[in-house]
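Following are the structures in question.
Below, chain A partners chain B and then partners chain C, in two separate complexes.
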Partner chain A sequence: MTALSIAYGSRRWRFRLTGTLSTGGQIGLIFLMTLLLLAAAAPLVCPHSPQKTSGPALAPPGAEHWMGTDDLGVDVWAQVCFGARVSLVVGMGTALLAGLGGALAGILAGYRGGWVDGVLMRLIDILLVLPDLPVMIVLAAFFGPSVWTIIGVLSAFAWVFTARIVRARVLSLKQRRFIQAAETYGAGTFYLIRRHFLPEIFPLVTVSMIRLAGRAIVAEAGLSFLGLGDPTSRSWGFILHHALSFPGIYYTAFWKWWLLFPWLALTLVVLALALIGKDLEKVADPRMRSH
Partner chain B sequence: MTHPRSKRLLEYLFTVAVIVTLNFALPRVMPGGPFLYLSADQDQEVAQFSAAQQDYYRRQYGLDRPLVQQYAAYITALVRGDLGYSIYYNQGVTAVLVDRLPWTLLLVTAAVVLSTLAGCLLGSISTAFRGRALDRWLYPALIAVSEIPAFLLGLLLLFTLAAGWQLFPLSGAMTHFAVYASPWDRLADIARHAALPVLTLAIVRTGGLYLLARNSTATVLTRDYLRTARAKGLHPLRILTRHTLRNAMLPIVTRVFLSLGGLVGGAILVENVFAYPGLGHLMREAVLVHDYPMIQGIFLLVTLSVLTANYLADRVYGRLDPRIRETPAEAR
Partner chain C sequence: MLSVKHLSIVYDRVRPAVPAAMDISLSLAPGESLGIIGESGCGKTTLALGLMGLLREADIQGQVCFQGRDLNTLAPARRRRYQWRHMAMVFQNSLEVFNPVISLGEQLAEPLRTHLGMDRQAARRRVSAMLELTGLDPVWQDSYAHQLSGGMRQRALIAMALGCSPDLLIVDEPTTSLDPESRTAILNLIETLKREMGFALILISHNLPAVQQLTTRLMTLYAGRVVETGMTADILRNPLHPYTRGLINAAPDFFPYKDLWGIPGAPPRPGGTTGCAFAPRCCQSDDRCRQSLPPLTHVGVERQVACHKGGIETVLQAVGLSKTYRSGRRTIQALAGVSLSVRRGEVAALVGPSGSGKSTLAHILVSVLAADAGEIRFRGRTIVNHDATAAMGGIQIVFQDPAEAVSHRFSVLEAVREPLDILGWQDRSRRDAKAAAALAAMHLPTGPDFLGRTCHALSGGQRQRVAIARALVTDPALLVADEITAMLDPSTQAVILRELKAQQQARGFSMLFITHDIHLARKTADRVYVLEGGRLAAQGAVFEILAANDDNRTHPLPRVAMENE
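Now for the complex of A and B:
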C-alpha cells in the first residue's frame, strides 16, 4: 500500500493514504481493490455465464461451481462477480455526482453567501428530513427503475451531506488571513476556488464520497431486494430477491450458498467502506461525524 | 418572519406543499396513461380500452378538466382525508392505511424505545469504563454492527434464529387462523412475531446512539458544573439524573427524532424481509401490482409523519435546552 497516495495538484497540501490507514482500513482497501479487479475482469475469472444455465439446479459449492448454482442452474460465483459491477457503478457514480455537486454547492453557498446561501440551505433542510427510500420507491414505481434513475435519485438526496460539511469549512476559511490576502491582491472567485478552496476541501469531500458510496450501494441493494431495482442488471440485491422468492428457501439448505454469498459480498463491501471512511475521517477532520 | 419558530414552521409547511404537489404531479407526468390497458398482467392477453371508453373514464375521473381545477379538487379531497380508491385492494386507500399503520407503528416505536435505552445504557457503561477492556471491546463491536444495513441483518436473523433454530416464526404478524384462549395468548403471539423485526431495527440503531451517548456523557463529565455539583456533596444519583443525564440527553433526543426518516426506510425493508404486514410491505405490494393511489397514499403518510416528527424534535429540543430557544435556526 506504500505506493498509493491521492494527491491533489497543490504544493501546500497533500493527502496521503500511506501511513494513515489502520490495519482495519488497509484490509478494507485491499478487499475493495480485489473486488474492483474481480468486477472489471469478471468475464475472465468466471468460467460460467451469469445468465445462462451451466449445471444442475441448486448444486452446492464444489470444484465446478465455487459458490454453487441457483434454481435455474446458473453459477452463483459468476452472478456475484457480475453483480459487483452494478454495486460499484452505483456506488462510484453516486459518490462522484453527489460529491462533486455537493462540493460545488457548498463552496457557492459558503463563499457567495446572500440569497444563494439562503436558497441552498433551505433546500438542504428539506432534503435532510425527507426519507429517501420511499421517494426512490415511488420514482421507481412511476418511471420504471434503471441504474441511472437510481444513481440520479440517490445523488439528488446525497449531495446535501457533502454540501453542508463543505459550506461550514468554506465559511471558516473565508475568515483566514491567506484568503483575505489573496482577495486584496485582486483574486477572482474562480481563482480562489481553484487555488485555495478546492485543495483545502478535497480531503473532506473524499471522506464524504466514501460515505456516500456506501450509502448508495446499500440503497441500490435494498431497492433491488424489494424487486424494484433495474430488472436488466443482476445486482447482489437482485440475487437476494430472486433467492427469497424461491418457495422452499426457508426449509432447505440452499440459502447456505445461494443467499449467503451475495449477503457476504454486500456486508463486506459496506464494512470495508466504513473502515476506510473512519480512518480518513480522523485525518481529514476529527470533528466530522455528521453522517 | 422575525420569530425563528414561526419561520421554522413556515419552512415545514413549504416542504409539505412541495411533497403534496409532487404527489399530485407524479402520475400526470409519468409515461403512459391509466386507461391504456384493461389488463396487462403477466401470462394474460393484453386487453385495451377503446378510444370512447378511454374518453369516458377520463371524464369520470375528472382528468379532462384544467390542471388547476384538478389540483384544487385533489387538495380538497386530501384535507377531508380522502386519499382515493385503491384499485387492487378494492377499498378506500385511507381504510387500508388505517388497517396497516398500527403494525408499522408497533415496530418503529418498539425499536426506537429499545435502541435508545440500549444505546444510552451501553454508552454510559462505556464512559464509566473508558479506556479499559470493556470499552475497548464494546466500541468497535457496536460500530461494526451499526454499519450493517438493517435488511441484511434481518436476513441473517431470519435464517439463523427463525429458519435454522426455529425459535421465532418466519413471517407475518400473527399466526393464521389461530384461536386464542385469552387476550394474553394473543398478545404473546403478536410479540413473538414482532420480536425479530423489532430486534433487527433496534440493533442497527443502537450503534449510532451508543456512540452519541458515549461522547455526550464523556463531554458532560468534564464540565465544571459537574465538579461543582460533586464538590457541593450532592448525592451521586442526583448528579447523574439532574446534571449528567439531563445535559447528555440533548443530542440524543435530537438524534432519535432526526433519524426517524432513516428508520422508516429501514422499516420498509425489514418488514419485507419478515413479510410483516405494515406499511412497508403494503408499499411493495402496491408497487408490484401498480396500485398508484395506494403508493401515493403511503408515500404521503410516511413523508408527512417524518416531517411532523422532525418539527416536534425542533420544538422538544427548545423545551429541553432553553439556551437555543432564542437563537435562529442558522446558528445551530
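Now for the complex of A and C:
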C-alpha cells in the first residue's frame, strides 16, 4: 500500500492522486481500514451484544470480555466496535456534507463573485468568529439528540474552512487561460464546475475533508460527553459520558478500563486521520510535492 | 482610341471548344497605359493576339474599335495593312519569334518595306536608327537571332515593333527569362520610348513591379474574364478581388521576406462553370458564387470588381477600442482608441514592443476582456458576449503560453474536443473524428496512445500544436494568434508557423498574428498594424511598413526593430 489512487465517477472521469505515503501515513491508513472493517463487521467480531448484560459488572479485560464490562455487565469491546459505527458515520457524514457544501459555496463565491461572494464571505466571517461549541450545544439541545442533528450542526460550522480554501483556489483558477478559453467557447458555470473546477479542487477538498472528519469525530464525542448525543446510538463519547456519570466509579478498581478503551479508540482515529491528511496535503500542494 | 466591347474569343477548332476570353471590355486613350495580369493560361496572350487580329483558328465575337474603325469587320488583309502602321505588338521573347536563317536587319526591315513602302537603303537606315534607339549597336543587324543574348533579342523585338511608329504598343511579357539588370534596363527603355514616342501601351506581364512601373491602369484576368480593373497604384496597394490579392501576395518583389505561397489550386479551364470561376480557390466563396456569375460592377470611380461579395470581405472590424487598467490610484491606458480590420483570407500582423497593448487587444477581440469603449464587428455584426467565439466558423484565439492554454488534466482528445463539446456540435463520434482530423492537420499522431495522453505529459511544442488544433477544430473564420511561438525554440517555432500557415493557406481563414518580432511579421503577414503605447502608430501592407534596413524611413518601426535586436 504505497500508492493511493482515488477514483470517482466513470472511467474517463478518473482522477488520480498518486503519491507515496510515508510510514506514518501507511500506519494511519491501515488503522483506519481496520477500524472500518471492525465497524462494518461488528456483529460478527463481537461475541456479545453492546446493549445487553453479558457478564459480571465492571469486569477487567479477560478472555471472555476483551475490554471488560461496564456497570451493567455490558461488553465494552462490543460497545467500542458498535460505537465506531456512530463515530465514523458522524465523521464521514460531516466531512462529506461540509466538504461538498463548502466546495460548492467556495466555487460559487470565487467564480461568480459580486454579491454572491459578498454574502458568502460575510457569512463565513461570522461563523469563524462565533464560538462554535456553545452554539453547537444550544443547537443540539434545540433540535433534539440524534446522529443527523449532530452531523447537521457540525457541518454548519465546518463548511467554512473548505469554502475559504476552495474560493481562494477558484479565484486564481479563474484567471487561467484554459478557463478563459472555455469561457470563450460559451461554457456555462455548470460546465466549468463539472469539467474544470471540481477536478482542480478535488485534492484540496479531500485533504480538507479528512481534517474535518477528525474534528467532527472529536466534536461528536464532546457533545455526547456533555449528554447532548444520541442516547440510542452509543458512540464513544457517550460511553465516556456514561462511565463518568456512574456515581460509584472512583470506588472500583476497574473503572479505568471502561474509560481507557473508548478514549484510546478516539485518539487513535484522530491520529490516523491526521497522519493521512498530512501526506495527502503533500500530494495536493504542488510546492510540497518535490520534498 | 481603342475601345473593346464584349470581346469573346473561342478556340473552336479544338474539341471541346475553349473559350479563352469572354466578354472583355476595355478602353484606352492615346498615350495611356494598361497592365494586364493573371496566371498563365488566363487568356492574357489570347486577348493581345485577338486585338492584333492574329488569331485565325478562333471564333471572335464583339467589337474592337480602333481610332473609330471596327477592326473585326475589316477583311483580314485590309486589317493587317491598316493595323500594322498603328498597332504593334512585342511578342514574348523567344528564339522562335525570329526566323533563324534570315538576318536580323532583314527581318526588321521587312515590315518597313511592305507597309511603309521604303526602299532597301531607307529601310536599313531606319532599322539602324531603331536599333540605336533601343540601345543596340546597329552592327548586329547583320547577325542572326541565335547569336544575340536574351536581353539583346528583347531590344531587337521592341525595335521591330516600333519600326512603324505605332499609336498603340502591346507588349507581352517583356521581362521573362531576363536577369534583373537586363530586366530593369528593358523596363526603363520601354518607359523612355513611351515618353518620347507617346504611344499607348498595353503591358501583359506577371511581373508586378514591371506593371507598377509602366502602367497607370490595371486589369486582372482570370479564366478568360476580367475580375478587377482600376488604377494600378490602388489595386497593388489595396486589391479588392481575392484573386488579385493572391497574385500580389505571391510576388516576391512585394514581399521579399515572406514565405512563398501561391494561390491554392490551379486555374480551371475557362468556361467550365456557370458560377464564378475563382470560387473553388476562393476563401470566401459560398453557394451563390458557385451558381451564378458575378458581373463586373463599379465599386469606385475607377474601380470595377467581379465578385458577389463586392470584393474581399472584412471579417473583423474593431472601432475605437479603449481599455484602461486601474491598480490603486494609478491608471494605465493599455489601449487608446485603436481601430483595425482584418479581411477574409489575409494574415494581418499586429506588432509592437512589450507593453504596447497587443495582448490586451487580442483578449478584447475574443471577449476574454471587456473594452471600456469601442465596438467590434465580426462579419458585419456587433459582437455581444461570446457569440463570435462560441460558434463554429467564428473567432478563435491561440494563447502565448501553451502550458496555460490547455488544462493539464485533459487528455489530448478531450482538450481538442472541448470546444465542440461545449458548443454541442453534432454527436460524440463525429466530434472525436473532427478532433482527430484537427490534430492530424497539425501533424500530431492520432493513435489512441497519443489521444489518451494527458496534456501535462506533452512537450511545449506539442502542447502549442494541440492548442492550435483546438482553435482550428471549430473551423474559425478568424484566428487570433497571440505570440504563439514566443516560448518555443526557433526550430519548433519555424515548424509550427509553417504548419499553421499551411492550414491558413488550405482553409483560407484570416489570421491576426500578434508578435513583437518584426522578422516573424515580415515572414508571415500580408498587412501589418504597428501598436505603440496603446495607439496605432502605422498600418499598411507589409512591404510599405516593414521595409528592411530602410534608414531614411521615419516610421516608428526602426525603434521596434532595435528593441528586437
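The criterion applied here is as follows: the second predicted complex is superposed on the first by the 265 of 291 C-alpha atoms of A that agree within 3 Å, B and C clash if a C-alpha of one lies under 4 Å from a C-alpha of the other, contacts with A are read in each partner's own complex, and residues count from 1 in each chain.
As a working rule, contacts are C-beta pairs under 8 Å (C-beta built on N, C-alpha and C of every residue); 3 or more make two chains touch, one makes a residue touch a chain.
Not measured: the values here are computed from a predicted model.
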*Could you say whether A:A221 touches chain B, chain C, both of them, or neither, answering first, second, both or neither?*
first
*Please indicate which partner A:R112 is in contact with in the superposed arrangement: first for chain B, second for chain C, both, or neither.*
neither
_If we overlay the two complexes on their shared chain A, which of chain B and chain C does A:I126 touch? Say first, second, both or neither._
first
*asked:* Per the contact definition in the header, classify A:K52: touching chain B only (first), chain C only (second), both, or neither.
replied: neither
*Could you figure out whether chain B or chain C reaches more residues of chain A?*
B
*State whether A:K282 touches chain B only (first), chain C only (second), both chains, or neither.*
neither
*asked:* If we overlay the two complexes on their shared chain A, which of chain B and chain C does A:W263 touch? Say first, second, both or neither.
replied: first
*After lining up the shared chain so the two structures overlap, which partner does A:I137 touch, if you call chain B first and chain C second: first, second, both or neither?*
first
_Taking the touch rule as given, give the residues of chain C at its contact with chain A in the complex, in rising order._
363, 366-368, 386, 389-391, 396-397, 399, 401, 404-407, 409, 418-419, 422-423, 470, 474
*In the complex with chain B, residue positions of chain A that touch it*: 121-122, 125-126, 128-135, 137-144, 214, 218, 221-222, 225-228, 240, 250-251, 255, 259, 263, 266-267, 270-271, 274, 278, 289
*Can you list the chain A residues touching chain C in their complex?*
15, 176-178, 180-187, 191, 195-196, 199-200
_In the complex with chain A, residue positions of chain B that touch it_ = 11, 14-15, 18-19, 26-27, 30-31, 143-144, 147-149, 151-152, 155-156, 159, 162-163, 170, 211, 258, 261-262, 264-265, 268-269, 272, 283-284, 286-288, 290, 292, 295-296, 298-299, 302-303, 306-307, 310, 329-330
